[in-house]
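As structure tokens, here come the structures.
Each of the next two complexes has subunit A plus one other chain: subunit B in the first, subunit C in the second.
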Partner chain A sequence: MEDVKTTIKAFIQETFVADDQEQLSNDAPLLSSGIIDSISALELVEFLEKTFHFEFQPHEVDQENLDTITRIEAFVKTKKVA
Partner chain B sequence: MEGLASSLAESITIHSDRTALRSAEETWTFQQLGMYCAQTSTFLQEQGLANKGMLGICLPKSTAYVGIITSALHLSMPYVPLDIESPVSRLVYIIEDASLGMVFTTKAQGALLTASIPDLKTIPFTPDDTLVVLTREVAAEDQKIRPPDLAYVLYTSGSTGHPKGVFITRENAWCFVKWASDTFPIAPGETVASIAPFHFDLSVFDLFVTLINGAELVLFTQQECRNPLLLAQQLSEHRVGTLYATPSLLQILLRYGRLGRYDFSALRRVLFAGEVFPIEPLRQLQSAWDQADFYNLYGPTETNVVTWFPIPKPITAGQTDPYPIGQLCPYAQGTIWHENAPAKWEPAAEGELLIRGNSLTPGYLGQVKKNKLAFLLFNNQKWYKTGDRVRVNDSGELVYLGRTDRMVKRRGYRIELAEIEHAFTRHQTIIQAAAVSRMQPETGTEITVFYQLSIPATTLTTLELKQFCTAQLPSYMIPDHFVVLPSFPCTSSQKVDYQALLAKMEDHV
Partner chain C sequence: MFERNASQQAWRERILDFAASHINPLAMEREQTATFDRQLWLACGQLGLTGLSIPPEWGGQGMDAYTTVLALEALGFASEDPGLNFGIAAHLLAVAVPMWKYGTEEQHQRFLPGLCNGQAVGGNAITEETAGSDVFAMQTTATPQGDHYHLNGTKTYCSNGGEADLVLTYALTNPAKGFFGGISAFVLEKDQQHYGWSASREKLGLRTCPLAALLLKDSAVPVANRLGQEGAGGQIFNASMTWERICLGAIHLGAMDRLLKLAAQFANHRFSGGQNLSARQAVTHPLADLKVRLEGARLLTYQAAQQLDAGQRTGLAASMAKLAVSECYKHFCLQLMQLFAGEAYQTPHPVEIQLRAALGATLYSGTSEIHRNLVAREIGFKSALT
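Coming up: the complex of A and B.
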């Protein structure tokens, strides 16, 4: 499942971080740090849904599930198993 | 009964068994609201805080927040809602600026504030200590002069520098609430959404028009409002009948809220204010909520709502320009100020809108200079300079043209940045646009347009954009730079954040 992480990371790096900036670490806070603003988080949600073929429940669009690449990966995995 | 406090008290008595407030955590009847109000009032009296200056409230939106506001009104104590999400330094500035001697807040936020203002004492407010009151002695000579019938103070961000406190008297608030109650009647038991935060003046409608009419207010925190999937689901689940929000928030709801999944048959009224609603997304929202009537309301914090316009249903196919801000509310008088004189109020008259009337603020807290600059004496009357440029259309309604301070000069021409924005939103795939400018020593005024497309992750070429602009705008108005954004940054009052866009412009071009 390493490719899940790679895909998520590539999307976030490409979409929300300027080209010339450093690589994100897997545990860098994304929402609470402001790297991803609240509306960009919605873009991320749509990307995850489309790429991994599942749907977020409204209450799941939450910092708890989206704040780091590690958390996003874990969340995607629970959704894929469910 | 007349007046905010007495109408609210009467409603609490008459509707005691009805639901007054609903949040994710709690549901209160009017009786519970009345009890919380009574307990809070007793607490303030016992602590010797009642009528000791103004009452600051720095809490997430909650039933308790409404209870504390109700108590402040009951005791005729002016209250100051503070944005709990704003930086501590800004909160400290406001507490000092308003000379607040007491602030209701959470235990955690209280710890942050006392670290910055050491003379604040912490008194537990709730038995479990989750809510506290920070108090301090404010010397009589440090108390700011304030109007005797002050209801609350709303802090708005000045375009530069520090936030400023706008005084709103009980009469100011009441004339709006009474008019809104008559114009948008809400029956007991109906449901209204509280989307705007309480430090933002849209919330005055939500709080008071709802509660004095025995209707139910569903409270959405700022955090909940940032999740349009959740907000859409909740609006449907609670069968919300009336909601009042900014076009920015409504567009986010339209774009991300998956409105098609939910039943909005209860929704019959949508009010919006605070900025221009571009026609295309408005049309889409109207068709998603096709049983609802839409209204455009207009007015700065200093005057609250002073004009209104019912949006035609359906919006005609040929409509591309935003709708007028409409006609004046009965308590407001307007003058169109053009080149240092009043213009005759007739079709095609154009100028800055001046407002006076019962809803007009007596002024800003502690700002002698600002009080002088913001108002204009004409006909021996004090008028508020809105800073908004308007035109009278053929039907005698006001059309919003833009901010007087967003008028830039380029190659000798006067350019209204809002006009460029309007032109962009006429493009089929552009759903939002914002123009900003800066002075370049070499080349003069440089204009950058940020835009958002209806299909994400696509872009338009500069050539396509320039061709489109050429068809829409005179050559001197064609922007220098175009930047596509996946979304627009918003302020805490849920409007487009132009300061953030100015910063972005520095990054992009």
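Coming up: the complex of A and C.
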């Protein structure tokens, strides 16, 4: 599922990281560090739903599922398996 | 593509008749005395206005978002009471709709019939002193204790506040997580839970819609009154704002249609320098431009509503519709004040009432700046929100 991670990373890098030179690590905190603010998080949710064809339940829009690229990938995998 | 079918047209006519017979006769007096009329609210409920989008099994009219927009547009056009229009729309979109979308069967039975038939008034309370545009900086907490949560905090602005029988409010259940996963939604019932209201706030416009602060001090709310799962509050709020941002502006679209009619009547009859004002392009061109802008805003609203009905994510479409409608409404009213001049500067006058209402429209449901931030982000300006 490396392509899942790559897709997520590319979206976040392109959409949210202001400095094009900065390369995000897979475990860099996104929400708690402010790289993704509260409003951008909704964009991320929309992107994940559209790209990977699933729906977040309201309680799943949770920092635990969204705070790093690794966690997002793990969450997407659980949804795709379900 | 955006026609009204027979049922939508029938609803429009019903609302037009109702506004003429029930809402308009005392609308100006209510506005001047800042009076919320409970009997009138009940009558609106009996007509079906307070539950337009809710399924019939819970007492609503079962309208989709697009049909709701058409009905609210008719209300905005026909009713001369923008405060009542706003109160109904806020009650429906930010209270009844999320309760329907995220409530359990038991909660549906308990809350929706009253919200739909006008027996209950609904309020939505999220804004706090330090969490307005940045609702995510919310500080109100909900601490679980047995089968209750204890809520503590103050929600500074709640429309319909003071009169509300059911309040949908939001509090942190896990402060470490913050907005995403850390906020839950709760329904407060008048006389069932212990909470308070500030005195009703005096305001510039929408004076027939009460606004008050919700005071939560160790307010015990049963777990059975939590809407959705713990941590789901952020998403519930976002979903309710999507409905509100798309549909509430329909009352402004209707109001602008009415104002345009008034403007044409006025300019056709008022003489200055031997000509009626309609003959002067300095008068008609700004209004022609506003008409074009109005139709653009209407299309954005209809399109966003249809996207919502199609189950598409509509965050951006909702922001664009809300921004376009509210800014157009404000400019519209300013232009009409200029046209009607001395006549409209006296109170009460339909133009000054709408102008005072319109100044609020670019503030609630997200300020214009917040919506521009979202659109700017969509364009690709990365630093727009940081």
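Observations, loosely collected:
We adopt the following convention: the second predicted complex is superposed on the first by the 80 of 82 C-alpha atoms of A that agree within 3 Å, B and C clash if a C-alpha of one lies under 4 Å from a C-alpha of the other, contacts with A are read in each partner's own complex, and residues count from 1 in each chain.
One rule holds for everything that comes next: a contact is a pair of C-beta atoms (placed from the backbone, for glycine too) under 8 Å apart; a residue touches a chain by one contact, two chains touch by 3 or more.
All of these numbers come straight from a predicted model, not from anything done at the bench.
Touch criterion met: A:E49 reaches subunit C, while subunit B stays clear of it.
Between subunit B and subunit C, it is C that contacts the larger number of residues in subunit A. Of the two partner chains, neither subunit B nor subunit C is touched by A:A28. Looking at the shared chain after the overlay, A:S38 reaches both subunit B and subunit C. When the two complexes are overlaid on their common chain A, residue A:V61 makes contact with subunit B and with subunit C alike. Looking at the shared chain after the overlay, A:A74 reaches neither subunit B nor subunit C. In the superposition on chain A, the residues of subunit A contacting both subunit B and subunit C are 15, 18, 37-40, 42-43, 46, 56, 58-59, 61-62.
The touching residues of subunit C, when paired with subunit A in their complex, are 102, 134, 136, 177-182, 228-236, 238-239, 313, 315, 370, 373-374, 377, 382-383, 385-386. Contact residues on subunit A toward subunit C in their complex (touch as defined above): 15-18, 31, 34, 37-43, 46, 49-50, 56-59, 61-66. Within the complex formed with subunit A, the subunit B residues making contact are 226-230, 232-234, 252, 255-256, 456, 486-490, 507.
The residues of subunit A lying in touch with subunit B in their complex are 15, 18, 37-40, 42-43, 45-46, 56, 58-59, 61-62.
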